[in-house]
Amino acid sequence: MRLDRIIQALLPHDEQFFVLFDKLTKIIVEAAETLRTLPSQGKNEREATVTKIQELENKADSITHVIYTELNKTFVTPFDREDVHLLASTLDDVVDYIDGTAKRFHMYKIKKNSADIQRLTEIIYQSALEIQRGVILIADMRRADELHSILQKINQYENDADSIFDHAIAELFEHETDAIELIKIKEVLVNLETTTDKCEDVANVLETLFIKNA
Amino acid sequence: MRLDRIIQALLPHDEQFFVLFDKLTKIIVEAAETLRTLPSQGKNEREATVTKIQELENKADSITHVIYTELNKTFVTPFDREDVHLLASTLDDVVDYIDGTAKRFHMYKIKKNSADIQRLTEIIYQSALEIQRGVILIADMRRADELHSILQKINQYENDADSIFDHAIAELFEHETDAIELIKIKEVLVNLETTTDKCEDVANVLETLFIKNA
Amino acid sequence: MRLDRIIQALLPHDEQFFVLFDKLTKIIVEAAETLRTLPSQGKNEREATVTKIQELENKADSITHVIYTELNKTFVTPFDREDVHLLASTLDDVVDYIDGTAKRFHMYKIKKNSADIQRLTEIIYQSALEIQRGVILIADMRRADELHSILQKINQYENDADSIFDHAIAELFEHETDAIELIKIKEVLVNLETTTDKCEDVANVLETLFIKNA
């Protein structure tokens, strides 16, 4: 019997969820931190970075899958089953989009590291940190004020990302005359912006959890 | 205590939902009506139009958020909680896509006002009117025949939009030789067509509500 | 009274679902089989092929709609209502994406039949066959081992499709210098790859059904 199976068997069901969600948010933070280093890297470093993010994405997939399976087997959950499912799937989406962005960055051999791209990866990293803080709080529903300020930050980050995205796209269509280059950069920008949307989705699920269980 | 809070406290819970949904559909109609004027406008008028639609989108966001919050707090709802949630989110999606279309129209400095684009905005406006009529009917489940004819119209509009979209895309790839221009117009067309898909999603939720509560 | 109405009235409710899902998966297999013939066809044959797939898509839409309606009216279902709804909608998505791929192939007058495109259509066909096998098994929950091996295959197909897609996109951006041609082929590839994602979604729903009802 593997150690994690033993721990799992000993923990009450509620604890299991918190442990799994904690693992998932750690991966999000690590993936976001890694993504942030990508734009300024040279061609040779990038391959290792993209591989690392892909491995994190695989790990996140496995954990999400365990949550789904446990959720279907376990009769007592600390929260509504659908909310736990939704929290897991939105957290998994964040990692998926970080991975998708990194993959495109590498595949399209994006040369330019614009200030806008760098700022978007920074916002994603900050959002990931807030997500980690927010998810920890679901174990203690009395800290609603703390959660409220975390959710506000995530929403603000998403708004900031929207403005940066709009600016970057306007700039791109203004100055880029090579259509294929434009397609590549646009797709990277769309993926970065969608990642912050996914972070906001997590914030919305956390809010629902708190309102229902306050 | 603000007036709307007092009204809210006095109204039975069912009424609150109807009032909020009524507000939401009024915004959809106004946004769609505004979008319809956009293609034929000159550069200077467009900015104000796009700003107006964005404000409507913000308002719709707030109302949707209030519906979600009320839904999680209120124990008695006239309908299944998930259906009310789904109705709010699909209505919100319609406004989001109208806003996304307007934004791209402006950002990409689309010059051409093709007959196809004009017809798609007209279809969206007609669908918005039917959505408004349909949502009013959820307060009175005895009017199933009336709803049925509304839903048929929305579905027909979506089919019409599909044909116009296919025609416009075929035309675009046939005649447009500037790849960047093609990318811009294609994205506006996709957003217009997706808006009618979102209207159809609303129709599907309304149908579900009626079948369950007839 | 039409014959299918009589049969429906006589069958117990559980059976109705199995009959409808069986019809739906037969359409998926036929649509996937037809899609597989498309890339190697000449211009004249293609039109008939695309029309055939569109007719299958319309049929799938009608059956899905009947499942939704029955689901809302019927009080006793063999499974959780939401799971049945989700199974129907994910199956319908598979047909939608097959249809979307075929439509683009025709509309964009794609000339090239690359080995990658051909392999992706082959993978979709194989996934469709596994989906059909898997859906039949939901009538007999004792055959979990059999289902498990089917789901593994569908997941493996999706992974294979991902690798082929990445290879095809890298190749495309490496060699295609005509931006408009690149846009067309990229969109066909994205649609093919998304079709395998939708097949994996079906596998996930089937897994949930089995875990809950084992």
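Quick notes
Every chain is named by a letter (A, B and C) in the order it is written, and numbering of its residues begins at 1.
Here, a residue touches a chain if its C-beta (ideal position, glycine included) is under 8 Å from a C-beta of that chain, and two chains touch if they have at least 3 such contacts.
As the structure is a computational prediction, the values presented were derived from the model and not from experiment.
Mostly differing positions are employed by chain B and chain C in their mutual contact, as under half of the interface residue numbers are shared between these two copies. One rotation lays the C-alpha atoms of chain A on chain B, and its angle is 120 degrees to the nearest 5.
Between the Cα centres of chain B and chain C there is a gap of 29 Å. Chain C has residues 179-180, 183 in contact with two or more other chains. Those residues of chain A that touch chain C in the complex are listed here as 68-69, 72-73, 103, 107-108, 179-180, 183-184. The touching residues of chain B, counted against chain C in their complex, run 166, 169-170, 173, 176-177, 179-180, 182-183, 186, 204, 208, 211-212.
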